[in-house]
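Chain IDs A, B, C, D, E and F follow the sequence of writing; residue 1 opens each chain.
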Amino acid sequence: MPQNPPSKDDKNQLTHFDVSGKAHMVDVGEKKETHRIAIASGSIHMKPETMALVLAGQADKGDVLGIARIAAIMGAKKTSELIPLCHPVGLTKVTVDFTTENTCVTCRAQAETMGKTGVEMEALTAVQVGLLTIYDMLKAVDRGMVMTDIHLQEKSGGQSGHWISEK
Amino acid sequence: MPQNPPSKDDKNQLTHFDVSGKAHMVDVGEKKETHRIAIASGSIHMKPETMALVLAGQADKGDVLGIARIAAIMGAKKTSELIPLCHPVGLTKVTVDFTTENTCVTCRAQAETMGKTGVEMEALTAVQVGLLTIYDMLKAVDRGMVMTDIHLQEKSGGQSGHWISEK
Amino acid sequence: MPQNPPSKDDKNQLTHFDVSGKAHMVDVGEKKETHRIAIASGSIHMKPETMALVLAGQADKGDVLGIARIAAIMGAKKTSELIPLCHPVGLTKVTVDFTTENTCVTCRAQAETMGKTGVEMEALTAVQVGLLTIYDMLKAVDRGMVMTDIHLQEKSGGQSGHWISEK
Amino acid sequence: MPQNPPSKDDKNQLTHFDVSGKAHMVDVGEKKETHRIAIASGSIHMKPETMALVLAGQADKGDVLGIARIAAIMGAKKTSELIPLCHPVGLTKVTVDFTTENTCVTCRAQAETMGKTGVEMEALTAVQVGLLTIYDMLKAVDRGMVMTDIHLQEKSGGQSGHWISEK
Amino acid sequence: MPQNPPSKDDKNQLTHFDVSGKAHMVDVGEKKETHRIAIASGSIHMKPETMALVLAGQADKGDVLGIARIAAIMGAKKTSELIPLCHPVGLTKVTVDFTTENTCVTCRAQAETMGKTGVEMEALTAVQVGLLTIYDMLKAVDRGMVMTDIHLQEKSGGQSGHWISEK
Amino acid sequence: MPQNPPSKDDKNQLTHFDVSGKAHMVDVGEKKETHRIAIASGSIHMKPETMALVLAGQADKGDVLGIARIAAIMGAKKTSELIPLCHPVGLTKVTVDFTTENTCVTCRAQAETMGKTGVEMEALTAVQVGLLTIYDMLKAVDRGMVMTDIHLQEKSGGQSGHWISEK
């Protein structure tokens, strides 16, 4: 349990709520259009024999990661439909990469815009949809896969500037 | 690296690919319409002071979890738009719960249908969208939050019957 | 202010909430698939000279009501995307009619399904999108139009049977 | 019946049609990007005992208006998908408020953009989806609710400048 | 110009219109749920050097056809959103194949359902989206590509039974 | 079969792939916002008696082409949802025209934006959805219709400047 309950002033720290606690899509009209970049990543863990199927697909047939990449890119474009208070954003770039290590596939997505609001949610949504698609394509052989460690790695642009995850 | 490379026969274990390795939406036309249930869960970890804001919202104003619940339910309905080879499913029920413990919020989603194909992806998508929405609403105060341990807990119905995660 | 505050038992009258007040998509899995019909209507009021433009379009060019009809039918198909706790429904029929009287256009929509849950929301959504589309097409000449009297006229099928508005 | 049938010249008053009466998405390419604001409102009337349930939810459990607010904000983002000839707009702000009086809930939505075209339709769509969501959540106890008086209250920005409803 | 103008009775040949010529989503409620299959195909013609890039991608990197296949399958699921009077259909299977010959890629899509209405539009939409995606990925090197010969090849199920194109 | 297999350098001709052949949404952040226009067209061939029904609708009832026009305009707005690597674009204008000649309807769509990337795909998607909608509305009387000759006619704006089809 949290030891330090927030004071009354803490409420407006949450920009998605007004002073009376009601949700709104926050005003970004006066924000500058700057070049904004966000990078997110996350992993999915599977059985060794499942990973063998993934790797076989890369070399040969049944390209699980190629399909997950397309789903992730398309997912980034759906962010503002999925996240209630997200602003619609004109994405100028989305890239999605997968790396494999032991029994784990890691998805890394980078989103960019020239806009008034950041693209952290777009990068994170791309990662989540990418991982979900991998799960979908492999679940017939491995229902116990676990998606983990999904987080923002880095973002730049906007008032809050450059931020890098301590992880 | 996987120790046991798959034999040639392993390819058709991946039902989303045909024998030549091409992706398809697998034929479920002959499957029985049964009552299918899937339960998934996942967590998001945050700073103690961020959790304090979440808990304050439950008691008072700025209901982060209430909004995330709505987003998760709506997200479940978007599953077949997000996951390339998912069949459209007529969901008959979706419930989403959140529990908080220390600095972690856990989201648990249950999806049901009377249909020809399972709803594992719907339950998992609900969890992912729920966690992403929490991230979105709290990111102004805590960009370092991490989503983790997203997995299927249990599913029933269909040819493969009842399955429970060993976790 | 309401004179009769609800007793504690009243809460579960609202089927979209569980006993603890949390929103869910209610379980319809055990409901019977019956033929369900819903009829809704609503009106938009405008200046006489605006109505003259609408009527001119019917006879000649610039078919405001024909376009609003298409938008209304397509809107019915989007209902479960717009209304958070609505079930996806396989609509088997949608019809939309417009009648004009004095300075008022009335939109009437009928939706049908063979399913486990009613289509009241589909009929009402069709009406709202139809009226909004009329507003959009005429707003350049009449911003003061008012949409009014949008309500369910009649519904049949399902456990609650036949219901007709007293209006 | 309108007394003054429009002359032939009246056709191009309807900007959504070209000179031959064919619908198009009107050219806004040369319009200036200005700060545009629109405010719309509308009401839903219900039985006293239904309103009591709404008010109970605000104080305690089953937050009908909180969910309707989220649906309304998300609905605003879907405007150009619903209204055939609407331009896609990069919304910079959406707020939605509800007030209750006797047996009536009034929804008021404000939409803003820095763009080439107004956001009247976005504000009106938010109101309609907000009212529809209230209807959906309460219809199990009160099918006879009526949505009424949905109109634009005020708009500013763009060539036509500031406009306030006479109502 | 057609030599044989339709008689008055011809109007209701077009099932998407009622007797007064108004569009509606036609009633399929009484139709039987049968196994329905539709197969459509279409081609895109390009320069020899563009085709060389497509073929290189199949053998190696830059898998244009693999991505077009995913887009086509996802497009099939969007049919009822795109085509105004199409019923939403629960697709049970979608497969998409590409064959190459000289300077032409041919896309062939098969859609299936157990439902009350056919899936011809789903198969055709899959083909169109598949071809458009190929165009998009190759347009940087060959803007003059032409899509052609998009048609229904065959359909079965439903009242009208088995039909095969004469082509 | 192509006589001249591409050299290794040819791969990066396909801008939708990175140097290792992985698909991405290409970076347009540094591109200039210019006025971009694209015009596409395509045709659908039908039986004489089917064309007679189309023409009857224009003069009287059952306006096939009016509905196809609306579908085409709405389809243009869905382009970035359908085509995996397309950027979302703020369309400033969409017009769609149909001409009839003998047993053929030709659809011509023009899309415009003030943006960082072209609108060729938007114009082509409008044409495809327009033709599909015509097919849908007439298929009850003529399943053998063929869509053909869908191509870009002309585009202007952006780095590659003005381009006109040689056809």
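Basically, a residue touches a chain if its C-beta (ideal position, glycine included) is under 8 Å from a C-beta of that chain, and two chains touch if they have at least 3 such contacts.
None of the values given here were measured: they were computed from a predicted structure.
Computed centre separation for the pair subunit B/subunit E is 31 angstrom, with centres defined by C-alpha atoms. Residues of subunit E in contact with two or more other chains: 22-23, 63, 66-67, 70-71, 74, 78, 81, 84-85, 88, 90. If the chains shown are joined wherever they touch, the resulting network has some other arrangement, not a path, ring, star or complete graph. Per the contact rule defined earlier, chains pair up in contact as A-B, A-D, A-E, A-F, B-C, B-D, B-E, C-D, C-E, C-F, D-F, E-F.
Of all residues in subunit E, only 35, 66, 69-70, 73-74, 76-78, 88, 90-97, 112-114 touch subunit B in the complex they form.
If you check the complex, the residues on subunit F that touch subunit C are 63, 66-67, 70-71, 74. Subunit D makes touch with subunit C in their complex at residues 1-6, 10-11, 13-17, 20-23, 42, 48-49, 51-53, 55-57, 60-64, 67, 70-71, 74-75, 78, 81-86, 102-103, 120-121, 124-125, 128-129, 131-133, 135-141, 143-152, 155, 163, 165-167. Here subunit C touches subunit B in the complex through residues 18, 22-29, 80-81, 84-85, 87-90, 115-116, going by the rule given at the top.
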